[in-house]
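Two complexes are shown next, each including chain A; its partner changes from chain B in the first to chain C in the second.
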Partner chain A sequence: MKKPASKFAGFTRKYAALPYGVFMAVFVVFPLIVLLLYSFCETADGSLSFQFTFDNFKKVFSEDNFSMLINSLLVGLYTTVICLLIGYPVAYLLANKNYNRSSVVVMLFMLPMWVNFLLRTLATKAMLEFFGISMGMGTVVFGMVYNFLPFMILPIYTTIQKIDYSLIEGAADLGASARVTFWKVTVPLSLPGVFSGITMVFTPTITTFAISKMLSNSKISLIGDYIDQQVKHLNYNVASAISFVIIIIVGISMIILNKYDKESTNQGGGLW
Partner chain B sequence: MVKKIMAKTFLGTVLAAMYLPILWLIVFSFTNTTSISSWRGFSFDAYIELFTGSNSDDILKAIINTLIIAVCASAISTVLGTAAAIGINSVKSKKIKFAYKQTNQIPMVNSEIVTAISLMLLFGMFRSFIVLEGEVQLINVILAHTTFCTPYVLLNVLPRLQQSDNKMYEAAMDLGCTPTQALWKVVIPDILPGIIMGFIMSVTLSIDDFVITQFTLDGGIYTLSTLIYSKASGKKPLPIEMRALSTIIFIVIAALLLYANHKSTSEQKKKKTNTGAKKSPKRSKI
Partner chain C sequence: MAEKITTDNQEYIIELNGLTKIYDGKTVVDHIDLKIKRGEFVTLLGPSGCGKTTTLRMIAGFEKPDDGTIRLEGKDIADLPPYKRPVNTVFQKYALFPHLNVYKNIAFGLKLKKVEVTKKTLTGKTVTKLVNMAYMPVEQKVIKKDGSEIVKTVPFCRSYQMMTVTTKKGVRKVKKVNMYKKFIDDKVRHALKIVGLSDYEDRDVNSLSGGQQQRVAIARAIVNEPQILLLDEPLGALDLKMRQEMQLELKDMHKKLGITFIYVTHDQEEALTMSDTIVVMKDGVIMQEGTPIEIYNEPQSAYVADFIGESNILDGVMPEDKKVVFAGAEFECVDTGFAPNEEVDVVVRPEDWVIKREGNGILNGEITGCMFRGVHYEMTCLAGGYELILHNTVEYKPGRKIGLYVDPENIQIMKKQHVTNRFNCDILSNTSLSILGAAYEFNPESLFDNCVYDAENDVVTIDGVQADLKGKSYVVSVDFDKIDLTDSEEEAPLAGNVESMIYKGKNYIVDIKTDDNSHIYADTEYLWDKGDRVGIAIDKNDFRLVKE
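After this line comes the complex of A and B, so read on.
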């Protein structure tokens, strides 16, 4: 039986989330709607005229931007693959009790994530210059890997850590060799982490501006630099259009990720 | 054994490679060459320049702006996020929970630059009603930072709430507390570690942010990161005092995070011994 007092309390507590809801609606959802409007409209002198058009998207995918788009794709691909090749073993070893028991070491791997990426990029640039390496695609990829590696390690580490150890023991008991256990048990179960790592590396790589500019002496510009440029020239519509494309890409990968997530957390119940 | 050594070597190598450039920057903050690629003897010139040089006023202003933004945005986020967590935890409807979850995800998964552009457009619309000039523009940045800090506060507080026993809250009211009293005397102390963690995370996120600040702030007002960008993106080499500044920022952030990490692990230990669980193996060995 419920007492009226607690009923009332439940009522007030429920509404504690309302300010947050309003705030998120105004500053997160509404701006995205504005962005969507901008990307499908023409602007005359900064004021919106609601003339539906695909021109902004045509401009984004025009021939002038061909090298920018290809470069973004290549840099994103190289960076993601290299991060995965380095990050997976690191995450695996960190999560394995035989090799690492210290949370400080894990912390050290995550720490660079919290240091401003401009500082890290400046430091990288200085070091590359010291060794006389000429700036180009290679140095951009190097800087990106250096910047985004923790974002690959963290999700993989968390998923591997969550794997039920009895499954691995079970596989061994049933006669699987360490290698087979790794490929047939650990890897499949860590796939959600891998996938989220890939999204967390790929999208920032292609959209973060300034890194590619600094590490290639402005020779290579990626999607992020392009957006920055469009904003500087007050081409808000084109900037919005390309942002919209990014949203779609991120959205698709989120949907795939959620699907994975549902399969793996069905037993757990999850946070929400 | 061999495997263990190989594993440690691998981890060590990756760590060393990750930290090499940062260490490089720190080492070179103690010399006075204009370019970072040659060593010209030990000196504190960069630090002296940082505090007394011609740019020191601008740097100080940028630091103050950064701190104002970080503290205000984190405070607002903490209040909003904590209230939201309490609210969401007591909501029964799955649909409403789902809606909150999805909205909370948006700022976290969205590309920073997309958030930045969308907020820039929003503030552009606001500008037709009210024009913010000079330092007042910081309000925009504070609001912008609040949007991406609040989700992290929520995600830090919510698990704490779910672990805490709702019966305590009910018992407090059975014993004569008003709901408000019960909230302040039972619920809040229980979830305080999560709230503090959320606040610390917000502060570091806000100080660290560059992209969103860059797009929502203009007209000669700088935060640390945008100031560094404006100095670094030019053709001239980076002023030496920036090296000193970077070193200080790095050390402050590292100290903050190691402290937070230490706090959370020691708390976990306490919890483990309290519940009588098997003591975890020695953790301090690196």
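After this line comes the complex of A and C, so read on.
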């Protein structure tokens, strides 16, 4: 006689989640605890002495570093805004059947993501140097936008594509011109995708290190570069502290975004 | 065509002339002519794919006609985009905006409303412009600090009046009220009241039931006071009880609002209940147009009779005026104007049979089945070899022998639309021909008079003269009962899909649509299903030459 699968040898379905739980504990929760511990400790000669201190945070918010923090946030902000300005129209056109009927074009926009990110950035650098463009804030933002644009396009594209066409027809029927329909129906209904896009661009932008280093000839230093430097000098505590600060910043921006996301609509849903 | 401004027939609000829509080479709407009177409730009725929704969408402006005109109040609106047409649509799936609440959904159209404003320019010319109603100039009394009153012109959205209002807590007080907001507020509340959803303003549309969402969709359309309200199967997604309730409410709303309704449905009962005029459509063509009573009592074709209500559709012959023979008996009728012995379709509604004692009627039969259907019993009866459906409030048990009579007025006689299948054929060889691109065997002796076919030498002799048939073209006919339908399409040269069937009491007339959209009719005893893929076999002796 067949036994029901779920009762097999006392194995219920919940045990299937066990490997995942272990994975999360080992690779997410435990490192976070270590991070937290490190950021509130003092290091003497590379050995850990569990002495509670705020020194690491003091270092993070010292004058030099503070401008670096602001720089990071600015790069993140510029990149996100530019990505949104380019990404939304592109996503709109890609999702609109009048302009684009093939998924090949969508694919082409995603294709750069398949190329190694270091290789891409090196190539960008070579190209910018070839044209004689001086490295600085502008080139860093350019590199960021180039790297993260697909992460803005994809979620917006998905939400716009999911908008029921009868809503567009309904708006036209009620007297809305194409322009009014766009602002009053398409944009509000695609906001979840916009929020996903912002999250997926802003968060990695403020923490990457290689792009800023390469595309500014190390003139501009961002949080990522700073962490890189600290780890290289075995200053794990300061590196942990600044990582902790970033987690807080990202967390706050997530909370704000989620709040707007819930207020706007509950249709469609972003990429996640 | 001469440009004729239709001042003489202003009673028609909308006129469709030769309206045609073609999708990928397939004609979905085929030169439709339709005139709709002001204030009428018109239903476009037909099975799915008959072109009714496409017609509606062309009126709304979502589809551009390939040919023909749409005249609204005498003006051609074929090139007007949907947002400029004075019509509003209630969509089948409601199409409510999920990001707006009930109030904002209904106010959506109102806030976009444009009005004509006549302005004087600096040069003294008067120009008429369309502006959003919010910016329409209105006169506003303003009390100055010194107590004097002046009249200023301000945009509608900034005009106000002091009014006594009752707050939510029930306190009455004098308040400054924005007149534009109040205007929209009043309209929205009025629309909600009409659809029976007062106090639902702040609800999220996703939290509403299907019926409530449909009411919001209707309110959203009627609040704009369109000249024509288009309804695309608006009750299709509702359950039976709700649907019946909404039918009556819609009819009621139509009476109250006095605007023209164009309603699309495939539900004949819905059409009969609500409409002033029913337009029955099939394959992009109007089959019949008339009041529900006309359509029900005097269907002009077997198709309409079969589609609307239950009916006995039988083959008959009219030996002379006011006499018709069907089901093996001669009946009196009221129809005239047919050729002697013309073959006709006869329709008798099940409730029109009068059941008598055996021998006292015109036709004798035996009850073969009986079912209770609420108000009446539905019985099947075998009479003269035909199976008939009878409705009666008295139960007759199976096996009971009865006589049947029909009042002459209740016999509906229709000209047959098709008597035989006609094909253009090309002769391929002395024994094979091609129709609709498929090769069939044929016997020249049965196709031509005085023809002899010598099979040994493959020679055809007609009227004593040897003939070369190859390459010639003729028109041939094949009778309905000579078409054999086969289960597998490989067994026959030609295949098609079953489009519709009509039961003729003894046999079915099956309408088969071939892949190149030609129709072939077959008379068969077997029941096929709509959409079945069948092979079309024709015996070589059954082709007949049509002499032009």
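Everything below uses one rule, namely that the second predicted complex is superposed on the first by the 237 of 272 C-alpha atoms of A that agree within 3 Å, B and C clash if a C-alpha of one lies under 4 Å from a C-alpha of the other, contacts with A are read in each partner's own complex, and residues count from 1 in each chain.
Everything below uses one rule, namely that a residue touches a chain if its C-beta (ideal position, glycine included) is under 8 Å from a C-beta of that chain, and two chains touch if they have at least 3 such contacts.
As the structure is a computational prediction, the values presented were derived from the model and not from experiment.
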Subject >> Fit or clash between chain C and chain B when superposed on chain A >> reply: fit
**OP:** Once the structures are superposed on A, label A:Leu149 by its partner contacts, choosing first (chain B), second (chain C), both or neither.
**Re:** first
Subject >> Partner chain in contact with A:Asp164 - chain B first, chain C second, else both or neither >> reply: second
Original post:
Which holds for A:Ile255: it touches chain B only (first), chain C only (second), both, or neither?
Top reply: neither
Original post:
Counting residues of chain A in contact, which comes out ahead: chain B or chain C?
Top reply: B
Original post:
So after superposition, what is the minimum Cα distance from chain B to chain C, given in Å?
Top reply: 12
**OP:** Would you pull the chain A residues touching chain C in the complex into a rising list?
**Re:** 164, 166-167, 169-177, 180, 184-185, 188-189, 264-267
**OP:** Enumerate the contact residues on chain A facing chain B in the complex.
**Re:** 3, 5-6, 8-10, 12-21, 23-25, 27-32, 34-35, 38, 46, 86, 89-90, 93-94, 96, 98-105, 107-112, 114-120, 122-124, 126-127, 129-130, 146, 149-150, 199, 203-204, 207-210, 213-214, 224, 227, 231, 236, 239-240, 243, 246-247, 250, 254, 271-272
**OP:** Could you pull out which chain C residues touch chain A in their complex?
**Re:** 60-62, 81-84, 87-89, 91, 93, 95-99, 108-109, 112-114, 206, 220-221, 224
Original post:
Residues of chain B touching chain A in their complex?
Top reply: 4, 7-8, 10-11, 14-15, 17-22, 24-25, 28, 35-38, 80-81, 83-91, 97-98, 100-101, 103-107, 109-115, 117-122, 124-125, 143-144, 146-147, 150, 154-155, 158-159, 162, 169-170, 173, 179, 182-183, 204, 207-208, 210-211, 215, 224-225, 228-229, 232-233, 238, 242, 246, 249-250, 253-254, 257-258, 261, 265, 281-286
